[in-house]
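Input: one structure, supplied below.
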Amino acid sequence: MSPNRKFALSYSYYPGCSLHASAKEYDVSTKGVFNALRIGLKEVPDWFCCGATPAHNVDELLSLALCAKNLSLAGKVEGDLAVACAACFSRLKTTQHRLKENDIKRKQVETAIDGPVPLGKKVKHLLEILAKDFGLDKLEGAVQKPLTGLKIACYYGCLLTRPPEVPELDDCEAPTIMENVIKAVGGEPVAWSHRLECCGANFTLSRPGVILKLSNEILASAKDAGADCIMVACPLCHGNLDIRQEEIEQATGRRYGMPVFYITQLVGLACGVSPLRLGLESMIVSPAALLREKNLL
Amino acid sequence: MPKTITEQNLRLLIDSLIKEGTRVIGPRRTGTITLYEPLARGEELDLNELPRRSAKEVFFPVCENILSFQRGEEGVKVTDIDPCAFPETVLIGARPCDAAAAPVLDSVFSWDYKDEFFLQRRRKTTVIGLACTTADDACFCSAVGLSPADSKGADLFLTPVREGGYLCEALTDKGKTLITSHARLFAETSAAAPLSLNEPAGVKLDLHKIKGWLDENFESPIWKEIADRCAGCGSCAFLCPACHCFDIVDEGTEAEGHRRKFWDACGFGKFTDHASGHNPRDAQPKRYRNRIMHKFKYYDDKFGQTLCTGCGRCIRWCPVGIDIKAVLEEIQKG
Amino acid sequence: MSRIGVFICHCGENISRTVDVERVAQVTARLPGVAIALDYKYMCSDPGQNLLKKAVAEHKLDGVVVAACSPRMHEKTFRNAARAAGLNPFLCEMANIREHCSWVHEDREEATAKAIDIVKFTVSRVKKDRALAPITVPITKRALVIGGGIAGIQAALDIADAGHQVVLVEREPSIGGHMAQLSETFPTLDCSQCIMTPKMVDVANHPNIKLYTWSEIEEVSGYIGNFQVTVRRKARSVDEDKCTGCGVCMAKCPQKKIDNAFDRNLGTRPAIYVPFPQAVPNTPVIDRDNCTRFKTGKCGVCEKVCGPGAIDYGQQDQLIVEPVGAIVVASGFDLYNIGPKPADSPYEGYGEFGYGAIPDVIDGLTFERLASASGPTGGKILRPSDGKEPKQVVFIQCVGSRAREKGISYCSKICCMYTAKHTMLYKHKIHDGQAYVFFMDARTPGKNYDEFWRRAVEEEEAVYIRGMVSRLYQKGDKVVVMGSDVLVGVQVEIEADLVVLATAVQARTGADLLAQKLGISYDRYNFYSEAHAKLKPVECATAGIYLAGACQGPKDIPDTVSQASAAAAKVMTLFAKDQLEREPIVARVNERNCAGCLACKKVCPYGAVEEKEIRDRNGNLIKTVAYVNPGVCGGCGTCQATCPSKSVELDGYTDEQIMAMIEAL
Amino acid sequence: MKHDFEPKIVAFVCTWCTYAGADLAGTSRMQYPANVRVLKFPCTGRIDPVFILKAFQKGADGVLVSGCHPGDCHYMAGNFHARRRFAAFRKLLEFVGVDLARLEFSWVSAAEGGKWVEVVTDLTERIRTMGPLAEFKELETEEHWSGRLETAELKEAYNNI
Amino acid sequence: MNNTAQKHDATPLVAESYYAAVTDALRTEAARLLSEGVVTAVIGYKEGRRHGTAGPAIVVDPARANELIFSAACVNNLALYLTKAKKGVAGTGKIAIVAKGCDLRALAGLMAESQIRREDLHIIGVACAGVFGSGADRREPLSAGNLAGKCRECSVGAPEGADIVIGTLPPLPELSPVEAEELARLEAMTPAERWAFWKENFARCIRCFACRQVCPFCYCEQCLCDRNRPQAVETTPRPAGNMAWHIVRAMHLAGRCAGCAECERACPMDIPLNLLNRKMARELKELYGHEAGLTPVEKGPLVIYREDDDQSFIK
């Protein structure tokens, strides 16, 4: 990647574990999109796990310290911190929020990580960067292949907007930011009911039955609303909706065949990023047929 | 044979006076200004510039207690101040315009009521005058009949000499005694060359003519013209060597307190404010008129003296630039 | 020299145990200006007071210091005693040597020394006391009632029945308020309109009530007993004197498709309308925003069909000044908006309930209109989307109330009861239907309230689910309600035909603006503040203004009516006197010294300071100075502390009195 | 317990809250040092900074100003105005060199008898350790000789006069 | 280093021709206003007898408009002549007043305090490069060396809000803020050191009240310190009363003083009075974001409040 200073906008970047493993395509497509939009992205050196969903259930101090240390590492890289994964985003923001309002906790954490926590470092989700920093108008201008006719169910999941005082991304119960991005790149967001419902998250490992129920409702709701595909911003949601889709179909007997894209994959497609650099091939439910049908491949 | 004293001996004189139990007051630098102040050591004497306030406060302090009272179980006890207890004092370095004012003030303070607070201080004070070698464009002593070399009011008069030090001229017994009792500090010389003195420039005033005009012109549009802009502060009167108005007030609580005498000024709006609410001098021009009248007519009528020595302080420090010299020149024109 | 009497009380042993009262008397007797100093066992007793009275006469006292308990305890007692002895009561002061001395110190020597000091500075103060006469203010015995809902109607009728003139101002075309919109009322299920309309008619016919509908308060000036109120009578476009209320205009109006706000937009009305058939006055008003005539100039049907010729398109707003002596504020409430957040609202709506975008999610007041016999469905409960009878209805309580995250932390007080009522009304009309209620608590304190609620649960079989709802969404023609039952600990999902939200009661939009006109205070939710939460629940801190109904906080009808009658009683109490007497602790301006900078006016919490022009005999303006209206001044003294030249002084707390105390310390 | 120095503390309080709070301390028989002298005002809004100055001049070693908590003012806003006035005044006093530890402000409600005791006790004890307020007392007795303050140097020079 | 500093100090800030041009324009404007009857009087400056001095002048006759001048000696804040205590001087009717940027701030404050009305004034603004310091050498043209302390930090050289503005200033050099530095020096002292500083300064005070009399905001018809029932401030010029007087005056001006520093200039005893006013202005700005007199605001910082004002100093 080119040096940051070449771009008007540039960010430090915290990919998070998933994006280096099960959600590689999210990482690849993020870099693809940012490169296409001439937005600088510099990965934070030596970053490590944010603690994800489990840590804070076990040990709050640990969960805060993990993020605090990552923030402290990020502090050494210029630019606001760009985060792709909804869980990482939530954890990093939560940490800042928590430590800002609680001096005692902050001191404990500072002792634990042996240094100050950069509470002023702005943590931004990709959506925020695309819709606000870069701007919808400019995004619209960057479109080379509008997603015309593609009916997309924008799926926020639980973490992206909640609790409202933490991410401060959009209206927590009726957000529109994903829809706005999709409209900017020419897609057709559908109105549907399960945009903010939980997919079951990490019960995928311990109680897959929960996933079968919850994710099924999401898929069914999207399908009923006439969506061709679902768009997500979270590796875990992606896993539950995409990887488990076949299993859900078997369990419920209803066939969905609903590709589940990351936001960056769709934006990338529209902005002319080569499909080869969007990781489309790693999707379990293949989008090939759909994209061909809509003349997007 | 005239006497001289060196710069250094002048300071030693102060030190030995203090040692003898005499209070010495002389120009002393304090912050950005010079004031006639009690000196603790001869070195403190600073003769470089005309002190901001005149020397009148040596005899007529800014504020002084004239009695004190305590209310006890047996009633009110009044304690008088004894003017005879005032310390022997030497005022050193008084400029001609300051030294000359003291005898002028004697008239008013010893006229029908004898103000012992003033008079005792006068009696107990020996004045060492000092001739002026510089003058600025506010100075006008020579326009009112004095000069930089005038020794009026001084007991001993110093004139700077070219070789450094001063020529000393004893004018009164007090002055002579001062020299004889400190004879070792004075030298006899015949060849001291006085420094040239600086006569203030500008028009000489005909005080008689001015008084004549004032006699006729209590009502005149000129007062408004001159003094509409007067802000009504007391800086002219307070800096003046000859202004001597004072007020008396009781301060303290029901249990104890002091009666105090302190400077007042005819420029203040409250100066003639009656308890009835009526104020005969209800506007600034009337107050300024009183200032001029008092100095150049009333005092003359009563005592045959002019209440101005031309020090120029009121000109220098008037916040609204009223220039008494210019006013007098105007009046002189008629 | 003053002649002060000092009376030192032992208070049994309460004071004398720690304070050497004899010594206090000895020392203070010798203070300058003290004519006599005595100590006595119980100064507040009859013999004690007589001692004081006798001493005043015998020693010709011109001031009295009673060193005893707190003035908050007995200042009145001793001032009355002084008055009885012929001394101006304000020349009697208390020195607090009990609460502030003997009770809080153990060391007898220290306590005695302190007591002496306290007496000493109080003596110094008394010497500077001035005789003060009570202030009297004439009273205009007319009342203004703002708001023509049940609160305003009740207050107006009570005051009018007592024989006083009342001006009743209502901003809608008809009086009636929210109560007129209700179907039945809890806990008796009597028809709201049946009990309401007779009162409305009484108002219209009462000789002592002057009714201004379609009117608003423009400006209020003056003070208790003497307010000047400017009322804006909005142009009705119909001459009230000529109109007979025949209704032909409404019938013939070609523009009939306007949402009927009275019916919560479920039905429509013409551009010339009365909000509901029983309106008082029964005079229509032209809705100029929607009238073709006013929009395009190309109609005029109503004018043509009106027999009496009452239509007046050229009518203008009118400003009328009404002098009144007291004001009852009964401006009512609004309901929490379930739609998207309006720009002027501090409150978030409910995104998880669809921000009002799901047609079959309605609020409680809309349900009232559905259930009302005079409502848009004629009393049949039919859901808005397709007019079908809902067979499963979910009621959700505490929507907006007790929801800190939405900006409101209070309980709206009426929702538990009216939701219970709704389930009953529903069950009575749709016998095979099922009502579910999601609730946090059922709050039913009130006469027959809990019984009523139990009936809903036990007899009318409403299913109460304790828990909140996380989301509503449309699924086909159903509304899916996702919630939790926290008693059982399970997730609940109900496919409902209709969802009714019991939305929070909130202050009227613009309540703050009205408060600013009136000069009364309001809380952070814009509800008006009573002068004391317990002991002055209907008075405002601003004298002469009283509160009734939900403008002060959420209230049900019985409470509202009680408060309205209470406010009316307060007005009548005020009107029972011809003049108002006030403690003369008020500020006075020294006009000679006042330079007219009006800093006092800027800081006065009561708006008591006015500008006054001083003119000479020829009428030329000399200067403008401040003037303190003694009827309005509350006596805080903030003006005096602010005035650089101390040209305004608070009687009873003059600089002289205070400085005398400080100097005596 | 006797102390070497018993300061004079003057308290300016409003009648509705702090005075009543002090009454409550009394009725509850709480104990506190006897140094404080309480002057009653209708409202803290009535308290002029000049009074504080005067108290210091007339020998107070410490001054307490106390009134209703914000929002509880009997007169609605008197204490809000007072708060600004005193915020400014204490800055001024600090600037002319008065140790602000001698000037205390508090909100004590009618229900806070305990807080009254705490505030008065803390202030009294603090001033006890600080000693008398010499500055204003010196000024009160100080006469100046023709503008020159009576410094040690001057005293020494003229100790025999 | 020292040399260059001195050299810089003596460099004239504006050419003499600037003052000549402004004076000409001023006279023309004044003559026009008076002869057309727009105003009944023009309050301006005229030359003093002594070199480099000027004083207030009240001109009512158009023929005498040519007495008016503008120069670096025009130190006075003429707003003084509009306030109640002194306003008899200008008679009645609309009045024109010559105002420097700093004087205008006082006018704004006086309007807010109902002492004057904008419609009664015709404000002739003059662009000002600064005025002579008191006691400065006035034989030389105005330079950093003889400039008044307050002018070194002036931000209102070109007045705003006047009816007419005369003169356009050349770019002026940035000067070290000596007053601000002095303030910082005092603030860095211990309370005892500050007390000693003020005690010594106030001891010199002779209660001539020049500070009060030249202050546009001291328009009280009865000054607190002239009152004797009760005597809030001792009348006599003794250390006690002087301290009280200056504290009370600073408090009364807090939030109102527009910073013209006339009190300090007028003080014949060289007491640095403006330090008090500057200090209070800064504190009020920090506390409540208020700056006196930029535009007329209805309520100053000490006659208004916010419910969430700082109260960290209150227990």
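Labels for the chains are A, B, C, D and E, by order of writing; each one numbers its residues from 1.
Just so it is clear, a residue touches a chain if its C-beta (ideal position, glycine included) is under 8 Å from a C-beta of that chain, and two chains touch if they have at least 3 such contacts.
Small disclaimer: the values here were computed from a predicted structure and weren't measured.
S.K.: Output the touching-based chain groups remaining when subunit C is disregarded and all other chains stay put.
M.R.: Ignoring subunit C, the remaining chains break into A | B, D, E.
S.K.: Which neighbours do subunit D and subunit E have in common?
M.R.: Touching subunit D as well as subunit E, we find B, C.
S.K.: Average the CA atoms of each chain to get its centre, and name the chain whose centre is farthest from that of subunit D.
M.R.: A
S.K.: Is the number of contacting C-beta pairs greater for B-C or for C-D?
M.R.: Pair with more contacting C-beta pairs, B-C versus C-D: C-D.
S.K.: Which chain has its C-alpha centroid farthest away from the centroid of subunit B?
M.R.: With centres defined by C-alpha atoms, farthest from subunit B sits A.
S.K.: From the C-alpha centre of subunit B to that of subunit E, how far is it in Å?
M.R.: Measuring from centre to centre gives 31 Å for this pair.
S.K.: Taking each chain's centre as its mean C-alpha position, how far apart are subunit A and subunit B in Å?
M.R.: Each chain's C-alpha centroid was found; their separation is 89 Å.
S.K.: So what's the Cα centroid distance for subunit B and subunit D, whole Å?
M.R.: 43
S.K.: List the centre-to-centre spacing of subunit A and subunit C in whole Å, with centres computed as mean CA coordinates.
M.R.: Here subunit A and subunit C have centroids separated by 51 Å.
S.K.: Where does subunit B touch two or more other chains at once, residue-wise?
M.R.: Correct list: 30, 35, 53, 62-63, 253.
S.K.: What residues in subunit C touch two or more of the other chains?
M.R.: 592, 603, 642, 655, 659-660, 663
S.K.: Mark out which residues of subunit D touch at least two other chains, giving numbers and ranges.
M.R.: 49, 54, 58, 77, 81, 85, 143-144, 147-148
S.K.: Can you name every pair of chains that touch?
M.R.: A-C, B-C, B-D, B-E, C-D, C-E, D-E
S.K.: Quick one: which bits of subunit E touch subunit D in the complex? Just the residue numbers, please.
M.R.: Going through subunit E, the ones touching subunit D are 186-187, 189, 191-200, 203-204, 206, 224, 232-233, 238-240, 243-244, 246-248, 250-251, 254-255, 269, 276, 279-280, 283-284, 287-288, 301-307, 309-311, 313-315.
S.K.: Once bound in the complex, which stretches of subunit A touch subunit C?
M.R.: Against subunit C, the touching part of subunit A is residues 164, 171-174, 193-194, 196-197, 221, 224.
S.K.: Taking the touch rule as given, give the residues of subunit E at its contact with subunit B in the complex, in rising order.
M.R.: 48-51, 53-58, 76, 80-81, 85-86, 88-89, 135, 200-201, 204, 206-210, 212-214, 226, 228, 231, 234-238, 241, 262, 265-266, 268-270
S.K.: Contact residues on subunit D for subunit C in the complex?
M.R.: 8, 10, 15, 19-20, 22-23, 25-27, 29-32, 34, 37-43, 45-49, 51, 54-55, 58-60, 73-78, 81-82, 85, 117
S.K.: Once bound in the complex, which stretches of subunit B touch subunit C?
M.R.: Touch residues, subunit B against subunit C: 71, 73, 253-255, 277.
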